[in-house]
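Chain naming follows the written order as A, B and C, and within any one chain the residues start at number 1.
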Amino acid sequence: MGLRISHPPERSYIKKSALYWLCLSPFVITTLFPFAVMISTAIKPRAEVLTFPPVWLAKHIRLQNFVDMWHAVGFGQALVNSALVSCTTTALCLLVAIPAAYATGRMQFRGKRIFRQFLLVTQMLSPVVLVLGIFRLMATLGLVDQLWALVLAYTAFNLAFAIWMLQAYFGTIPIELEEAARLDGASTFQRLRLILLPLTLPALGVTAIFVFLYCWNEFVLALTLLRSSQKFTLTLQIFSLVGGRYSVEWDHVMAATLLASAPVAVVFASLQRYLVRGLALGAIK
Amino acid sequence: MRGYALQSSGINSTQFGRTTAPYLLILPSLFLTFWIIGYPLWDLVNMSTHAVTRFGQLKGFIGLANFAHLIAEPLFSGCLVRTLIWTISVVGGSVILSMPIALILNEKFAGRRIARVIIMLPWAVSLTMTGIVWRWAMDGQSGMVNATLFNLGVIRQPIAWLATAGTAFPVEIAIGILVSIPFSVTVFLGGLASLPNEIYEAARIDGATAWQCWRHLTLPLLRPFINIALVLNVIYVFNSFPLIWVMTQGDPANSTDIFVTWLYKLAFRYGKLDSAAALSLVMFVILLVFTITYAVLAMREESIEVRR
Amino acid sequence: MRKALGILLGTATMAFAIASAEAKTQLRVVVAYYSAATQEIFEGMAKDFSATHPDVDVKIEVVPWDNLEQRLTTDIAGGIAPDIAMIGTRWLVDFVKNDVAEPLDSYLTPEFKARFLENFLGPSTISGKLYGLPVAASARAMYYNKDLLAKAGIKDPPENWDTLVADAKKIKALGNDIYGFALQGKEIETDAYWYYSLWTHGGELIEGTKSGIASPAAVAALSLYRSLIDEGLTEPNPTGYNRQDIERLFKQGRIGMILTGPWLRGQIKTDAPNLNYGIAPIPAGTTKATYGVTDSMMLFKSSQQEKVAWQFLSEAAFSPKWRIEFTTKEGFLPVTKAEAEQPQFTNDPQLKAFTDMLPYAHFAPLIPNWEQIADTTIRALQKVYTGEAKPEAALKEAAGSIDSILQQQ
């Protein structure tokens, strides 16, 4: 909870680390278990996938599975689609949420409470429930089988969380900073850009991760709104390997899931450092 | 602050800003959410009060008859109970477990960065895929869970985890908790990072113990974040479809069906769009009641805190 | 300036492309996923068709079976139904009832009709009108593991249920992880797995206007399965196994006998090439029976280009060339005479086992709300398999629910 002067690792530091890892171990194991299963299955040759009793390490390792899967699934195209949709939605969502968060966090206006409640309400309806209506809407707009339909829908579903998150962070920034800038003649927009945003980078980061993940992994809406397989997102493409099939090619499925989760895990790992620094900075102020 | 080289706008921005600026700022988000969620919601209300054909054509207005039929269905009460058990267990378990995890991850220790990434990993995989992988791992015959437990000597016979509700439902709840932890941990970490140091220094000078710091400083200050985690989790978990669907499809014999899986069957297997619409609204109302009650309780607590 | 010009040019090109694309007729065909070959096969049909009809652009959409119903429902509800779709024939009644399917009789020429084998046109004929063209047909039979049977000292596969029970006992004695008879207790076609028993015991799904699943024959059929579970002759906890799971057990060589369709042959060839197996008719009870399933290609009433759609069906999709291609690659039974005459079908002894059963085939009854009725049956079966209920009580309860569903029409 704050800065500590770094010492060389003392005995108590090592003991503390060991203790913490011990406490975390059940979660670490249950989290890593499915990944181990995925890796173990993804590198097995087809004939060994279904052996009984099941073994962790196959007799032959077949990295070719990944290549086969890439072609069979059209992984490259699906990856591009997922990336396009996720990045665009994240950008759009932040663009729309920031002004709204500023308004609800800093300003008073009639209907503010209703707006906030409306946002909360939008979270309460699962896409499964709204699928038919959304589809009819998109069909009227002629957006079926367009990635834009997904972008718009995902943005709408994520706005509530984004606005909530950003507004909470805006609230932690002392109003005096803004007041001083306003006295200097800064407009609302300038205050937003030069003061608030830099200080809420951690919140932006967290929101961006959340929205990106939502889009990357979303299934029901993508299934309903996308038609041609060239437009499929990764989640859709992988699911089509499993759902309603006469025979499931598990080695391909696991390989595909691994490759689909890898970019996200990498994004996590890199944003972690940034987030930690950002969160710590936020704490110092 | 006088160091800013700023251009002041011609119009007196404060006066202009006070009246229309807020509405302009919220306009885009209002527009998007209103159309993409409001319109389907209206569609839903329409379908729930009419007789609807299998393919969504409205036939005749029948008021609340759909709701009456729905509640009279034998499966309704069972699904309601299971949905409540599911939501309370998953959210409760996730929040209770996430707090200590967040506290640990907030401390400095060797390999902390790796630990953070690992705990966040379930989030990187879509719920559908998580369900598929666990279903494969839980397979009675060739699943790795049974194989591992067998090798460790914990069990002697393979357990058919997903064959009956007695084992399948708890398994689904456990996995639900596992995938909800990253979100709650993130929220709590954010909260912990926002805690100011000075009060802890002051408390320590006053001789407060770690437990007292936790109970009287950290916990109250984290309350808004706990609120966010609880409310959002309840909403997401209540509506969570992929996990249960992929693992058991709500069976055997509807024994693991919660509202949302039953809803899918009603809408897309049986083609009873009117009942499905009615059920969606029932679910919506339940969540609405919950959030309003919670907000009222939370606000009352906040005002107590403020008065202190 | 240059940027603006670029944008202008880009928009112009796009507009031109859209305009020229619109000059072509677009035909949308939704197809279910059978295997990795499905997309190629239909794309091939599309290419052939576009070669003879250059003004038509055929768009093929392949959808997994699990999502097909949902997809078609949302499409129709959204007003953008495709021109042609592949559907499970059991869904046809609902489509007809809701005035979504186009009757095909006016398009049929006697020559075209004569291409088909008689049996298969029946299931898609409702109220005397033909609404669907059969596309993937299967009958069911019993696969048996020759090695396991030989090890257990059994010479021939069982011809009736009593012998099957005895044989299963012998196979079970072979080892701890070996099971006699596969029993599916989860997900789609759990009910079908029981219908094999029901029909061979003389029972019927619908008797007159009421459900027939509470009849004495039905109770006997279900009690047989229950006793198989009780005596450990099936894999343990059947409700944890869907169709793929029990097929997997068979491919692993751990199950003596399984009842399923022609597709398993193709799977065994790739997944378990060394498996020594045979195919025999489903054991008889009081009578012989099997389950015949067809999928159909349906024409949508809402289609704007019905004539073109029909041309696609008659010239490409159901041309002898593509019918043979489809049935061979996907491993189904021939539905047209041209396919049946092909050497790969006439000289295939295994296929013969399937086609020999066709005269005894029962099809799913053509009644609306079939999915809901099937689900009700599955629910009863699962209750009995888990021991939660006894056969007679569970079936009676299910029959009652089904009767009220039937009365709803």
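Here is the rule we go by: contacts are C-beta pairs under 8 Å (C-beta built on N, C-alpha and C of every residue); 3 or more make two chains touch, one makes a residue touch a chain.
All figures in this text were calculated on a predicted structure; none of them were measured in a lab.
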| item | value |
| --- | --- |
| Touch-based graph of the chains, sorted into line, ring, star, complete or other | complete |
| Of A-B and A-C, whichever chain pair has more C-beta contact pairs | A-B |
| Most distant chain from chain B by Cα centroid | C |
| Chain B and chain C, separation of their C-alpha mean positions in angstrom | 38 |
| Separation of chain A from chain B, taking each centre as the mean of its C-alpha atoms, in whole Å | 15 |
| Intercentroid distance (Cα basis), chain C paired with chain A, Å | 38 |
| Interface hub residues of chain B, defined as touching at least two other chains | 56, 141-142, 267, 273 |
| Sequence positions of chain A contacting 2 or more other chains | 50-53, 132, 136, 239 |
| Multi-chain contact residues (two or more partners), chain C | 70, 73, 77-78, 248, 252 |
| Interfacial residue positions of chain B with respect to chain C in the complex | 53-57, 139-142, 160-164, 249, 251-254, 265, 267-273 |
| Residue ranges of chain A in contact with chain B within the complex | 1-2, 4, 9, 13-14, 16-17, 20-21, 23-24, 27-28, 30-38, 40-41, 50-56, 95-97, 99-100, 102-104, 107-109, 112, 115, 118-126, 128-130, 132-134, 136-137, 152-153, 155-157, 159-161, 163-164, 168, 172, 180-182, 184-188, 190, 194, 202-203, 206, 209-210, 213, 216-220, 235, 238-239, 242, 250, 253-254, 257, 260-261, 264-265, 268-269, 272-273, 276, 279-280, 282-283 |
| Contact set on chain C toward chain B in their complex | 69-70, 73, 76-78, 94, 97-98, 100, 185-187, 235-241, 245, 248-249, 252, 369, 371-372, 375, 378-380, 382-383, 385-386, 388 |
| Chain B residues within the chain A interface of the complex | 1-2, 4, 6-9, 13-14, 17, 21-26, 28-30, 32-33, 35-37, 39-44, 47, 56, 97, 100-101, 104, 106-111, 113, 115-130, 132-134, 136-137, 141-144, 147, 150, 178, 181, 183, 186, 189-190, 192-197, 200, 224, 228, 231-232, 235, 239-242, 260, 263-264, 267, 273, 280, 283-284, 287-288, 291 |
| Chain C contact footprint on chain A (complex, rising order) | 46-47, 50-53, 72, 131-132, 135-136, 138-139, 144, 223-224, 227-229, 239-240, 243-248 |
